[in-house]
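Next, two complexes with subunit A in common: one pairs it with subunit B, the other with subunit C.
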Partner chain A sequence: MKAEYSPIDRASSVPLILLLRSGVAWLALSGVLGLVAAAQLISPHFLDSWSFTTYGRVTALAETSFVYGWLANAGVALALWSLGRLSGEPLRGQGWALGGWLFWNLGVLAALVGIVHGDSTGFTLLGLPRYVHLVLLFSYAALAVPGILAWSGRQRKISYASQWYAVAALFLFPWILSVVHVTLFAWPARGVLQPIIAGWYAQCAWTLWIAPLVLSVAYFVVPKETGKVLPSYEFASLGFWTLIFVGGLTGGRHLIGGPVPAWIPALAVVSCALLLFHTFIVFLNLRGAVFARGVASRLISIGLAAYILGALVDAVTSFHSVAEHTQFTYFDTLQQQLALYAGASTVLFGGIYFALPRITGNLWTSAGLVRAHVGATVVGLLLLLISLGGAYYVQSQGLLDAKVSFATITAQTRPWLLGAFYAQAILLVGNIALLVNLLASACWITDFSAPATFNPAPALETSAT
Partner chain B sequence: MKNNVIFFLGLFTALLISWAGIVLGSNAQLGKLAPYYDDNDSTSYPQWLPGVAAQGQLVYRDLGCASCHTQQVRRPGFGSDQARGWGERQSVARDYIYQPAPQLGSYRIGPDLTNLGDRKPSAPDVDDLLHLLYVGAPGMPSYRFLFHTRQLGVGAQASDHALSLKGALSPPAGTEVVPSRRALELASYLVTLKTTYDYPEAVPLAAAPKEGEK
Partner chain C sequence: MSQKPDNDPRLDQAAASDDAVLALHEKAIGEHPDNGARYRLLPIFILFTLSGLILFAGTYLNRYAAHYSPLVFNENGKPSTGEVVVKIDPVALGKKQFEAVCITCHQATGMGVAGIYPPLAGSEWVNGPSKRLIEIVLYGLKGEVHVESHVYSAAAMPVFGQVAGSAYNWNDDRIAAVLTYVRQEWGNKSGPISADEVSAVRKSMGDHKEMSEDVLMASK
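Here is the complex of A and B:
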């Protein structure tokens, strides 16, 4: 198909390319760290002679670099890009984005150095040491400025689902981070309120920040790739508001059976079920992605399938009787990888493959590297999810039977964890391919818009088929 | 969605509702939770952690021990927590009110540690735990960076808490392996872990009899 082509993109390319490059670089780093952590699950004495490579810190480093390095940079870049496109003008306030990019990435770097030194807060998805919160807060607000300007100054009065999701993600994250900073660090709450608040943050970071970023990409790319109006689009706003209103209430499912008021996990069961309404609308709207050709829509349809599956799994495991089996096991890892990797990252990959040629005006340098990355992502993810599923099953059976010792469980899960290790290695190879290809493709910008003729630039999508 | 103001107000309201519901709601319920005064013992529970143990909890946090160990016992009948001897009753919110950084954890790659200081038949003491930290266990890494080897003067007596190591691990003659301050804090913290006092809200729940059983 023909790639439509717009001088708007060229004018806003600098901050977007910087964000994408640093995002993919953090992704590769988190892949290395994740590989070390996976190796340590197989042989615990691997690299245990230094404090900074001990398992607890390596996992915190991998997670921080993945979420705040990769997902944040890439997600914000694509959100800004689609907001600019849909506003019909080049992005305004790009200086804010440049400053935001610089300080956000310095903040993430400082967070990693802090965790190496032992300043991690120890909470899931919030390993960030307390002293980087303010830097991240203000730099994110700066990053959001061009997006908000593009939204409020848009030329058309009507707006699109892609814009709602993008604006929600840009607007809400600073609030979530500042609230959690005040209640957990500035005036810390006592006792189990800390894990409750941290769980609320982790859930909001997913449902009110990362998921909206990802959905804004999907809602932008899918209609372009299919060339059709989204089916049942009139329900899209219902789906959006369901996510925004209900999403933040689902965090309690991690606290089932814990020393917290029983209404917290009970509320999570109800809201996880309500959230399926949102998931169903996403499915209705974007189901066309499966039939579209091209790398971008292929990756996005895989990502959306994982997103939908993830929501179903969340709803099922929020029940007491299911949680008895899944709680505290590798199933949590599986759920996290299903959401953050198979769901979010794959959609962002698709978005990058779609957007980068339009931003730079260049084709992807190597179609072979694209193929390598897509292939490694698909194979790696399948192997990872299957291995973690196997490890979960063995571990869960062992944990429920008090006669089975931990040494036995360790020995029994080992072959499955070996599979997860290989999966991480395959994913890492794919991500290095993406990094190399991205650096090569985005090192110059071709300005097709100079002659005032419409240049259809025949095939900006690489076809890996 | 034509109106910017209403759109942003909607977003903000949504966040406000989930924050008020979960954060403020649980704070209203638990924020003023007081220790429980037992007239018979003339003591209130839970008790403050000794200073060295409170420091140890921060060491526990910064090494990420919670990546593999939980500190929450679930009620009888939910999982095998009681059968594994991790505690006779479920953990309750009051257990944690004096902890500077409660470490509930979310993975059980290793055992739960809520009642490590009250294991039956015999609970580990500080020296056992230091030894474990130095040597590691199947499935558990060692933490040798928390220790150092130092020269022992001729005929000098070994230091307090010097590890007694055998075989390949034993240090060269004339030297000894001693824990750092952080290792001692961590081990002192771990031995204080016990939630043995039964609060009114934590009276052990008997597992409900199965249908047809009496």
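Here is the complex of A and C:
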């Protein structure tokens, strides 16, 4: 039995720490930008004197920095880490990862500069200006090299769920980005095909890229912390393939009532329902996370709860009669935050808290900052989701009543948006705590934190069933 | 060895090694769904859940995907089958019917043949109440009939309607069309007759026997 901490981790630490640090830095930046955008919803004249601080660009900046800065860096770091550990060897091809890290982050930086300059594409989750697409494509491929090598060189013939999801995410993102680049930018499709492709991309970025990254973390950390074989694990592969086959077909969800052939939204409705099967398997497998005691398990169980809730909400709101009430309201924002923040980010937080001491060999520097971050995340998320829910309710009631003027609706949603603003502020405070703690804990220059004492890992209990 | 307390937030202790995670999950995949004689319910439940979702998916797509037509944008719509519904001009249809059949006796001029076939042009029967006219064509006419105080008795009007003993079995649309035609041709200026009027008469009278002048005059 290998020790819980080994020179293997230390040998792979440089690219992983760089990815994690830049990811959390982008997260903090996106929090600041998100706060500015939230403030502009309350007082529209805030920072409206310069074109680059207007609402449209600030939200595009916040979203790009969040998805391509935070989720991508942290998700890929944890995927590489778990693939490396499960292969039982130090990561090979780390030079690729270093190069990939450098050019990926330069690409994200260039994207943000481009958006400031007004080059955003205007598509959801794809604000990236067209000239950074190829940089991101190739740097992501380089980042994936150590992961693929670890996968192909694994010692066991049969692989584990965490590996499937990680490898799927490594392979699928280049596919969806290249497809969307060719069909929307290089040789743009015309007319109504454009929103169809953009909707397909936005949904695939979630179901085929971010969700697999997140699930690979959860499938790795949960049994490590619970010390039990995942219940009903024999169905995990069904859940995986359901996501891979059906996930890409849910793109038409945002096009209901739009000028697209009726079969596209109908297929999306059906796919959202079928995806519930995947969600159900994830629930069956990972439900033990709730009973584990670590910081990581606590965050991951919150994240998984949000993931499951988000899938249910997606399935319900994909129906035409429900979408009539939720489309074009704050409910869309709510759904996005439920997926990308409450679902994805908290699981990644959990993964980072679990992984970092193993990567550095040191404890996290400050227990207080860990508690502050977890507390702020929980409080901030609850406040954010409740506020957006309230804003949605008030807004949809008003929009459906022809007698209520638009100005009245805006005035009525204001207190709820103020709540969302405070929620963003709380989340930002938490994320700055994470950033400070991460920089202090994973710093080679002032390596002052105590070396971690890892308890020997006991043998895994087989499940009772 | 000194154990770190489990509740230090600076380090989550692992409860299993990577090797153990891999080995035991590999074993879990190979397990048989039934454990000895005790059958587990979960696989059946999962099978039914998946089947139910697929059933829903198929039903929904069949109902709302508009047969995957690229031209249907309303999820409740159905694609066009290529059939075009054309509104037929009753006068044109009636003219066609008249020239195929009626013209033999009543002549192209609508004047008939003196003493044998009664005229339609200017006839008080043609331009009179529509019910009577419908009855003549539906059930035929036998015996003497007076038109503009001339007597015609040598021939009989055949049964045209979809009634017992019909010679032609024309549907109500055709009868309405031909009557509409004769009521506006040769200087006649009476209004059109609809298929609904014809079917109303046919339904109220049932399988009536052939008409005679007396019966017609009695009916209103």
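Here, the second predicted complex is superposed on the first by the 441 of 465 C-alpha atoms of A that agree within 3 Å, B and C clash if a C-alpha of one lies under 4 Å from a C-alpha of the other, contacts with A are read in each partner's own complex, and residues count from 1 in each chain.
Keep this in mind: a contact is a pair of C-beta atoms (placed from the backbone, for glycine too) under 8 Å apart; a residue touches a chain by one contact, two chains touch by 3 or more.
Everything numeric here is computed off the predicted structure, so don't read it as measured data.
Enquirer: Could you look at A:158 and tell me whether it touches subunit B, subunit C, both or neither (first, second, both, neither)?
Expert: A:158 contacts both subunit B and subunit C.
Enquirer: Let me test your reading of the model: by the given contact rule, A:291 touches which partner, first (subunit B), second (subunit C), both or neither?
Expert: neither
Enquirer: Now for A:245: first (subunit B), second (subunit C), both, or neither, which partner does it touch?
Expert: A:245 sits against subunit B, while subunit C stays out of touch.
Enquirer: Looking at the overlay, does A:260 come into contact with subunit B only (first), subunit C only (second), both, or neither?
Expert: both
Enquirer: Given the touch rule stated above, what does A:131 touch, subunit B (first), subunit C (second), both, or neither?
Expert: A:131: touches no partner chain.
Enquirer: In the overlaid three-chain picture, which partner chain does A:269 touch, first (subunit B) or second (subunit C), both, or neither?
Expert: Second partner only.
Enquirer: If you stack the two complexes on chain A, which partner ends up touching A:235: first (subunit B), second (subunit C), both, or neither?
Expert: Only subunit C is touched by A:235; subunit B is not.
Enquirer: Under the contact rule defined above, give the subunit A residues that sit at the interface with subunit B and also at the interface with subunit C.
Expert: Common interface on subunit A, subunit B vs subunit C: 158, 237, 259-261, 263, 267, 320.
Enquirer: Which residues of subunit C touch subunit A in the complex?
Expert: 1-4, 6-26, 28-29, 31, 33, 40, 42, 46, 49-50, 53-54, 56-57, 60-61, 64-75, 77
Enquirer: Residue numbers of subunit A touching subunit B in their complex, please.
Expert: The contact residues of subunit A facing subunit B are 40-41, 44-45, 48-51, 54-57, 59-60, 118-122, 124, 151-152, 157-159, 164, 167-168, 171-172, 175-176, 179, 183, 189-197, 200, 204, 208, 237, 241, 244-245, 247-249, 251-252, 254-255, 257-261, 263-264, 267, 320, 324, 327-329, 332, 399-402, 406-407, 409-411.
Enquirer: Sort out for me which residues of subunit A touch subunit C in the complex.
Expert: 1-2, 4, 85-86, 88, 156, 158, 160-161, 220, 223-230, 232-235, 237-238, 259-263, 265-267, 269-270, 273-274, 276-277, 280-281, 284, 292-297, 320, 353-354, 357, 363-367, 370-371, 374, 452-460, 462-463, 465
Enquirer: List the residues on subunit B that touch subunit A in their complex, please.
Expert: Where subunit B meets subunit A, its residues are 1-2, 4, 7-8, 10-12, 14-15, 17-19, 21-23, 25-27, 29-31, 33, 61-68, 70, 72, 74-75, 78-80, 83-84, 90-99, 101-111, 136-146.
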